[in-house]
Amino acid sequence: MANELTNPILSTRDLKKSFLGVTAVNGATFDVPRNLITALIGPNGAGKTTVVSLISGQIKADSGQVSIDGVDVSGWPAHRISQQGLMRTFQLSRELGGMTVLENLMVSARRQSGENLLNVFLRPGAVKKEEQALAERALEILNRYGLYHLRDSRAQALSGGQKKLLEISRAVIADPKILLLDEPMAGVNPALIEKIGEYIIDLRNGGMSILMIEHNLGIVEKICDNVIVLAEGRTLATGKMSELRENEEVVRAYLGEVINADNGR
Amino acid sequence: MIRNPKRWGRLGRTKATMVGAMLVSVASVGLTTTAASAGTKPAPLVVGAMFPFTGAKAILSTWGTHGVATGVYAVNAAGGVLGHQLTYTYADDAADPADALPAFRQLMLHHPTFMVGPFSPTIESVINQFVPNNVVDFMVGGLTTLDNNTNPYVFRTSSSDSNEAIAMAYYAISKGWKTAVMLFDNSANSQGFVPPLMAAYKALGGTIQANEVINPGASSYTSTLTSAFQNNPQVVFDSMDSATAATLFHDAQQLGYQNRPWIGDDLQSSAKGPYAAAFNPSTVSTDLIAALPATPSGAGYTTFLKEYGLRFGKKATVWPTAFNEYDSIVIASLAMTLANSTNPKVWVKDVTKVSNPPGTMCSSYPQCLALLKKHVKINYEGAAGNDNFNQFHNVFSGFQFLGFDSSLNTHQVAFVTPAELASVVAKEAKK
Amino acid sequence: MPTMVADNISAGYGKNLIIRNISLEVDAKKITTIVGPNGAGKSTFAKTVVGLLKAQTGSIIVNGDDLTKVPAFKIPSRGLAYVPQVQNVFVSMTVQENLEIGGFVTKGSTHERMEEILATFKDLNKARHKRAGFLSGGQQNMLAIARALMVNPSVIVLDEPTAGLSPAYTNVVWEEIARIAESGTAVLVVEQNVERAIAHSDYVHVFVAGQNHVHGTRDEIGKLDLASIFLGRSEVARS
Amino acid sequence: MSAFFLFVMTMVFYVIVFWIGSLGLDLVWSRTGIPIFAYYLYVAIGAYLTGLFSLPHVPLQNGVGNLFGLDMPGLLALPLAAVATGVIAMGIGAVFLRRLRTDYLAVVMVAVALVIWDFSQNDITLVSGNTGLTNIPLPLAGVLKININQWTYLYTGVALVWALALWWVMKTVSNSPTGRVFRAIRDDSVVAATIGKNVYRYQILSMGIGGFYAAIAGGFLAQLATSWNPSSWAPFEVFNVFTMVIVGGVGSNLGALVGAALLQVLFIQGPTYVASNYLHSPTFETLAAAAIGVLMWLSLWFRPQGAVPEKLKPTKWYLGREPQLAESINPDLTVEERA
Amino acid sequence: MHLFWIDFGTGLATAAVVALAATGLTLQFGITNYINFAYGDFMALGALLTFALNNQALHLNFWVAAPIAAILVGVFAVIANQFLLAPFARRFSNPALTMIVTFGLSLFMANVATVIWTGNTLFYRMPISVDKKVGPFLWSPDVMVVMVFAVVVMILIHLLLKMTRLGKMMRALSDNTSLALTSGIDVRQITNVTWFMSGLLAGLGGIALAVQEANLTVTSAESYLFVIFAAVILGGIGSVYGAMLGALAIGLLTETAPLYINAGYKLDVGFFIVIVLLLFRPQGLVPRLGRS
């Protein structure tokens, strides 16, 4: 553990963000270790989703640093952060509704020469070959996540659980160094929760680092190697779930006790 | 010389309906049917009429169609052309160059012998069509770029704006008004006045204090007016569409600037029209003046009025330029008669022969026809005046200046002859 | 008879059900609280009760009056008032105007009722001509509650009235809630702050994963190991 | 008969031109999701530049002249003008796409078009104000010594070649990974950014291509009419092109053709002809113009995908063969679907 | 200075017209999230219906015809919303699509109006008013009536919004729709009332414009659509008082601009403000609490 923490895949330092005078994130500082599943937990309004959006660049932080694999990406636009090796999913699934499931995956892949129009017209053969290979890879992933039979459906026609899986597989095809999952199990049935848990463990075993927001602490205990507790927009504690459960501060936070009285809304 | 009112609005696709045009068209159906049912006569000759029936300039189609209908009526009443009756068909150019070409091709489906219209500047987009499609065109409109027209099939039956501008300058100077401001809207036609008017007025010793370009469709023009009038000019030259004029005249009246002559163009000339209505009622009889090409007062004009009355009823409004379209039809009919051919390639060469001197003057279709039958060389002097085409197929007419009485009816206050215009041109050349 | 009976409510967005088969009752003069971990469906339940979400099964009855199919805007006049968790005041309007709007569902003059309410909520009285957007978070929550009270409801549903408030102000709010209950209104509170909720409530429901996991009186629930339920050891036996 | 063919050819020409125009709008609006209400501005810029480039250079005299005059063959002026317009469109995109959300962007686009339309009417130095451009040469006519009728046949052919080429290009672009990125941006620009696509850059690229297509359409219109001035266009005419795209099929290259043909023939040229020749009343034409609005509402309500809907690309399209994996259905998902 | 003050006076008159229209537009925008491109045609409809009642059908006195026409536009706006715009807005979340629908409405209205009223310049049957010097300003009695009327309408709107139950409901709805719903406000009904007010004010604005221009055409109000947007955006979209202030600023700016720039570009001053403001300060100069 210590070894992993000296060389984290993702770290944030003193991230701050407020909206119209309301502080959402207030100095979040944490490290996400490599090749592990880290959970980001905390009571409602702790700023978890905001932190994820700050890390992935959807929202600009007021202050603070984020680095991915040692590279300082603070203030970078979302697409550059993504290109740096970070992929994320959304709490409410955001599928690319007008495209097929297969295309949802294919568009997400990295370093496609066909994304430059010059190559499309000057090297059509190479692009075509690349597309075929990419399609094969996408199909493989779809098969792994049980979406294979839906490959040619419009993504907007999928059910809630299928969209969750689509988001995960869309992230996976980009082969990220770090995967941010925002409540990957929210609103899905228990059987699928189990399954998604297995998929996440598989990804970890395959060498991916994962940071996931999760409310279901049972699941967190089961699959996460490491837990970061966020409350009132700042890091409260880190450790294993079993340890944290004994942590008085965490318990109090979870039962609703306010840690910092000065942080009125 | 025809203003093309250009509103700021959605010109391209807003289609304006002309009730007047509709009536004419419906009447024409009746006429065509009558001609056709005569049966034994040769196939009627088609006159193609191309005007903006829709769009912001739709008013021009009312003018044009009334003239065409009168001309066709007059020729048919005198037995037609070489035994053929005339009939006519319309196409809508919407005053939009992009719409003009399909409109032209629509007309061609009816194989017209000759065409009347379109008004300038729409003609620019079809001017190259006439020769290859073998159709002679008579158009109306003062656009100065046509002053040196070399297209053999294109004739302009109204005098150029450059002449009108010179006449305006000449008239003002002759009245002793030596300082002037110019208020012309930003349309192509209005702006066509500006260079010749400036040149002529300066050549005659006048001073232009301000030249304001009016952007049509604003809710007020007080700022433009106050800056234009700071040096208290003796005379105002103006041209703009009626809606803009209504607003601008209203503002000028409020600012007290309508206590001096405002010399406008033919648009401004219509009796009881929007221009006169918007002018200061206490000075309208002294200070509102409009230039009008030619002399619609001779025998030709009397004939035209008679035919117009027969066609549309005695009380019908006589629309501006209608006499030009009427003249066009008479001239074409005479040319065909002289050439004894309805083939445009043949009779186009006879257009100038029937309209230009030397020759025996005649001022109505039957009268000229009778002379032609006697193989007399004729010189048609139509409703618009002499109708003599120069080498560029332009007519060079005099201009009358109209004033208004307190009930907003018009009367002639002056006439500038072609000779007087020529003297100005000579003076400009000297400078 | 309980003032409000919610029977076998299921609801959610589209095909996704978020709460399933929830039944609960709220009595006059009593504070009933719903607690539960994140995502348990507490707010969804509150929204369903007040008609913002359509119940796919079940019924909501207030004072014997079936409100299940009544459009949301007619609910307050039937005696059921609702205070949302966020965006619960009209920020561009003054305190007084916010209260007036609360009273619009009744026909007659609301002036007296407003003075009555302002007399109890002293903080608001001082700021009555201030725009609500310039109030502190706690004051906004108070204003939202006061607005809901304008109709003199039989039941008031409060969605996390103390979220984000300082402990001092939390106490003030709870005192206010207690007073509302005393005055005869049935109060249903959705709450994160379990300890305080238990301390102040008469009856507590614990929602877990969209279902009414366990419920009981303050004392009964107080005895349970809620921490285990909340922190994921959901295998804890039901009482 | 030849008059009839010429008339038909003219219609065909317009259909082809608006097909090209619709293809460009389809890319920017239907495939990239940018509410490009300034699209007709690009049509106009293309027309102006084509005209200006192919007319001779006239030095300024009393503030009038043609500073852009290159006396260039029309066949060359057209693509050059289109490239220039594409660059201008990218510039406009670069300024406005950076900061604005959809609805404000739409308003700003109209405002920009209005300002430039006003400029085209008032400015005499660069674009000859309301007189506009006249005598724009007929490309090839001088070289081949053909008259304007023969030229119409010939140039309809040229336009068709252009249209087919541009159709192929659009097809290639929209089928390419780049086109896929455009569609991803249309569906959800936030997601597109999180999967590493530079949304801003692709939007500008889309604007540039759209500007190019618009300008080709505009250039053809100007060359056909041999003139171009402010009454040839108005910013709000963009609505017609939007209707072509919506009625024809959002995101469909052939739909653009169907929409262009439908509107040109049945709602614009057809009613004009019927009105002048049979009904003798322009009221019918005017009502047809109003009917374009109604057509768009009905189409959007009852068939939002349009006459020829956007085709989804099945796996086979990508692989060039049927996929070989066995159909495996995730049992957990069937549970999910039952729930 | 003389020139400046005369232009300033005209600016005030223009501001009166713009204020009437801008208030209506901003009321409507406050409760929907899309912009109504047919608003200029609503204005024209008011002016044209007045013309119809004044010159064509009943030959009513102008001052009687105008309010009736404005009320009819209000009714039309409610119908347009209920049967066309609201269904589309509910069905398509993309505001640009709804804007295209309003584009279509504009096209539809302008062309149908052209069929009925032709594209000609029309005049009201009212006596020609003679100029009056008021301090440094020059105003005709008609324009002064329009200005006084606009001020009265602004005060009435102020009173409506501040003092009446209806007005407060409208403000509440504009502030927070879902809270309004749970506070017992009949959102659909108040939405209709708001559209009615929007149409009414559009009608009045159109009539005032026709009086100021001393004539009207089917398309003349369209010129002002973006000038009105400019006022609305300047004041902060959805803010009624902002729109009033914005109208004042826009009226004065466009009318005094010709002292410094080519008069042909004076309306472009308004368009330019739209562009620059939306780019750099979309919340307007007077930011508004509530829905942004």
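First chain written, first letter: the chains are A, B, C, D and E, and each begins at residue 1.
Here is the rule we go by: contacts are C-beta pairs under 8 Å (C-beta built on N, C-alpha and C of every residue); 3 or more make two chains touch, one makes a residue touch a chain.
None of these values were measured; they are calculated from a predicted model.
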### Task
Quick one: how many steps at least from chain A to chain B, stepping chain to touching chain?
2
### Task
Return the chain whose centre of C-alpha atoms lies at maximal distance from the corresponding centre of chain C.
B
### Message
Measuring centre to centre with CA averages, how many angstrom lie between chain A and chain C?
### Response
34
### Summary
In whole angstrom, the CA-centroid distance of chain A from chain D equals 40
#### Entry: Distance between the centres, which are taken as Cα means, of chain D and chain B, whole angstrom
38
### Task
Would you pick out the residues of chain E that each touch at least 2 other chains?
106-107, 110-111, 114-115, 262, 264-265, 267
### Query
Of all residues in chain D, which are in touch with two or more distinct other chains?
118, 121-122, 236, 239, 283, 286, 289, 292, 339
### Message
Help me check something: in the complex, which residues belonging to chain B touch chain D?
### Response
4, 6, 8, 10-18, 21-22, 25-26, 28-29, 53-55, 58, 61, 89-92, 95-103, 105-106, 108-111, 121, 124-125, 127-129, 131-133, 145, 186-188, 191-192, 195, 213, 215
## Note on the structure
The residues of chain B that touch chain E in their complex are 7-10, 13-19, 54-56, 58-59, 186, 212-215, 217-224, 226-227, 230, 241-243, 246-247, 250, 253-256, 274, 277-278, 281
### Task
Could you please specify the touching residues of chain E with respect to chain C in the complex?
165, 168-169, 171-172, 174-176, 178-187, 288-290
#### Entry: Of chain A, residues touching chain D in the complex
56-58, 77-80, 82-83, 87-88, 90, 94-100, 102-103, 106-108, 110, 112-117, 120-121, 124, 127, 131-132, 134-136, 139-140, 143, 145-149, 151-152, 154, 159-162, 165, 170-171, 174, 188-189, 191-192, 194-195
### Query
Quick one: in the complex, what on chain A touches chain C?
22, 43-45, 159-160, 183, 186-187, 215-221, 241, 244-245, 250-251, 254-258, 261-265
